């Protein structure tokens, strides 16, 4: 069994590893088919750590995966051998309080693929809890199945936004997560989603998508644009999806009175928060950390004509060329959304 | 100035009435263009009353209207002469507690078009508060503008349903309100909306609409169908849109655990409520009465490709043939969704 | 080890049973101290079943229990030997979807004490998951610890009511659950809780409790009383806590506009639901089935001066006299709230 | 008719002003009895402005008032001459979108007492909309009636906190608004409210209040204290009530996983917001600006034994000595909570 193993900063290779064995009760064994590369995978490779998470032992990378069920453990009834599936990469401690309260994404005991010391899914096979393994409908490809993971971040953001049908939304930043959030917000009930970025190539990727309005932040103010088109009212829902310090400057006055800001981007350092402005407009704020209880809904929406994830696969590499895929990610071409690897 | 005046049960005629005069502060004068006929208009004509509301003096009918602003009162800034508009037919007492709390639809003091003794909009011109008058974008026709009223009922139902992006929904009944609710639920974030009816003609109207699945209630159980396609889980959101006693029999067990029932249909008599079943599944219930704060959002969604209201205009009559329009409504052809009158 | 074993309808006895052994990982062993008798325990004894739950094998009764930790399994960190504890009697399947979504009370796989075929806690010792075992503060007695279970039903009702601070509440029915609900609603933020019953003895139990207003339903209409004292507005929150058919007649018009009905009582048969009335007032409804995520909060509130559960222990029997306790329950004295057994 | 008129920065005097005349439809005339001094009143006096609000014409100060109805306008049914009342000082534009949506506090058109150029209530009589005038029960004094205004800020904070019954709360800062918030949170359903301050005199004011736990921030970390007493979990709800920059440093990690921060204090400048920490704990945030729809509920709670506002009147001055009252406010004695003036 092969795996893409990160030993330490800048040292990563495809290697032979121990086979995973058989699934226990409530588990399935899955042959991986497609795995997307996330910025976090690349950071572990280039930096050896992200914040408090440090690579101190060899770790398999990858957490955006799809594959095929090849063995089913005892007591699993909703999956069968041969099912095409996508896997939720984070598995919480089922006895924790956060799980019981429905917030399993913030359970301190969660085990998340490719977050040290937990192995990821860039390997031939994995064992995974069936409860966190979801069948893909025929209309979704393996590539789209692997995109369910980043799409779920956008879905969780859209869920936390509590979008009322017909609300106007705005997304700051058209990176991968910004795009996923815009799609989820539109399919999730917003009438129009304005999305701004400073890179015209990013905005060009969104041209022609119904209900999504790209705004060039180098020439136009997002807030002014939305207010001009909403009788001065502004968007009910605003998503911050850059995590870049400058983006927060005008954020707090952006939503309509009584509106909401959803913080999806994760800035490294604290950012200035103009509380008085947010107060005078009656703004509430939600934060997004991974996702909980949205994987099935993400698959269901992705399977409709309202969502086309496949167009956002920028390039696909073979597993043998995994290091090449990571290098390509590092190039950071402005038209890139998602680089994937197939096994 | 002409108006369609109902004098008493079964006595209705087009007549000359006093001109409306000039709009006061905060008001606009609107030349009516299109008015849809609602079952309530027809009931007042055939029965002279609906529940506690009795026609005791001549009353102009009609409450689903669109038109053109022809005069603007003092202090109105968001509308201009020539604007094509749709009007929200219910205007609450602005000093009431229900208004302050955001529930103006249940303000006991609301004045609603064509609800005795308040005159409706089947007339050449009306004076209306600008706050309840909404500009139509170019992409919406007057016919669609007049359909915003029934669509708003569906929008309010979808709003109260608190649909999370990707939720599965089910609508019981494909009458006009059931259809409007299904469209609003789909555009409002549901991945799939199953809608059942006993009339195949109703279901045929919905064929080919993306994300909407017609279910023939004469041959298939709605709950079984949805559970079969959701791994046994069922729909998170169920809309009851018939108001017909038999529809409530299986309603209480229909939603998924922790799901929600939205009661849109208005049964004349109390219906049997299986509370124990709803409890054991953790069901919550919402009721719908007209709508509040959705008109603008309904227009915004109707203007997108996700919603096509125009296809549901079954036939259009001239104002002179208004009585003919009402008679046609009474025929109750199974393919009818909305009959409209143009002025 | 002794246990109160129900063999079949009307045949119940204290018997020697197998010791429970040692707790597994994440479990604790608890020496029972006090167990309250619930109507469901008595129904199993007198009828041998409740709805679909039939006693087909010997079953230990009791699910309202408190005791002392005598052994702690591996990995349990928040409890120690000697801790006085109350146990949540229902344990869900931790891998179920309902659990992940935070609604573990409606998980179809829940194992609930003294619900066939699951043994209850009227026995010397039990093994229980630590996650569902809660330490009691010194200020709560074992008797109060055993009362946390019925209080949790009231707490869950009050939680689902989404009481805003200062809301006015009304409770229909001053049985055990009505009383627990009234206390929870008051401590949970209601300014005044009106509670009605037809038995003066029930209402007398509540005399002198701050913020709780007993209403004699034989001489006074609950709705009229509340409206008279709220400027005609009515209660924002209404709890139905009888499950008795007549109580539902005036229920639907009871809440204030935009208010909420929480259905706590569980009627055996469907009841007539006046949907049109509920709609015209904009009412939402919640259902209560056991409870989820409230045990710790129930303990925390019970430990404050705002709540005094101890006054509702009507009589305490020794374990040897368990059958006598059940017989006393059957007497149904109007002043009875809770009969308990100590081991 | 006398009034305390502020002409410009540092120039304020009691003067004769024009009588208010008779109330119009929907209005009442009220003889003022007691008016509390707020920091904003004092700021206008000492600085002539607060942010964008500048005193450019003589303005009557005061917005925390109670009094007696002396004349009732047409159409007012819920108030009579002689009623003791408290008045909500902000009156929105009833036709605004914010009002219709239930967020009238953030209506840009709101007219708020003693916010330039709107006159306040430190005068013999005022005309006020009856909809924003609330009868006081006998159990509340005029002094307490005037305290309903600052208490309403705490009530709105507690309402926005969405406290579930039994939640643990923490308040940062025991100034007037911190105290009002703590009281509202406790009466609004929290089991325990921890409140921290650096001034021991502030904390001493709260000694002996049931369910409120003062924490000396100079010797103890609020978060550590609450976690120590909640099994490491922390408070579900945190209120920031200082507006002082240092208070925000540890704020973002303070709530329990899935918890909420309510921003009540209004810092002059932006503060550093550690978004990543808030995200990793799944925190949501609410902002508070004045209040909406809580005045009646504040009165109802204040009238119960759960709330005693009267103890927080630090000193009362006669109207003739109004300037002395303001000077006393400026002393800023650590034991001061509320200085009031009687007319």
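Lettered A, B, C and D in written order, each chain numbered from 1.
Note that in this section a contact is a pair of C-beta atoms (placed from the backbone, for glycine too) under 8 Å apart; a residue touches a chain by one contact, two chains touch by 3 or more.
For clarity, every value in this text was computed on a predicted model and none was experimentally measured.
Listing every chain that touches subunit A and subunit B alike gives C, D. For the pairs B-D and A-D, the larger set of C-beta contacts lies at A-D. One finds 42 Å separating the Cα centroids of subunit A and subunit D. The distance from the centre of subunit C to the centre of subunit D, with each centre set as the mean of the Cα atoms, comes to 38 Å. Counting partner chains per residue, subunit C has residues 97, 101, 103 touching two or more of them. For subunit C in complex with subunit D, the touching residues are 78, 155, 158-159, 162-168, 184-185, 187-189, 191-192, 210-211, 231, 294, 296-298, 300-301, 303-306. Subunit A makes touch with subunit C in their complex at residues 26, 94-97, 99-104, 129-131, 292-293.
Contact residues of subunit B toward subunit C in the complex are 51, 97-98, 101, 103, 105-108, 160, 233, 243, 248, 257-258, 263, 265-268, 270-276, 278-289.
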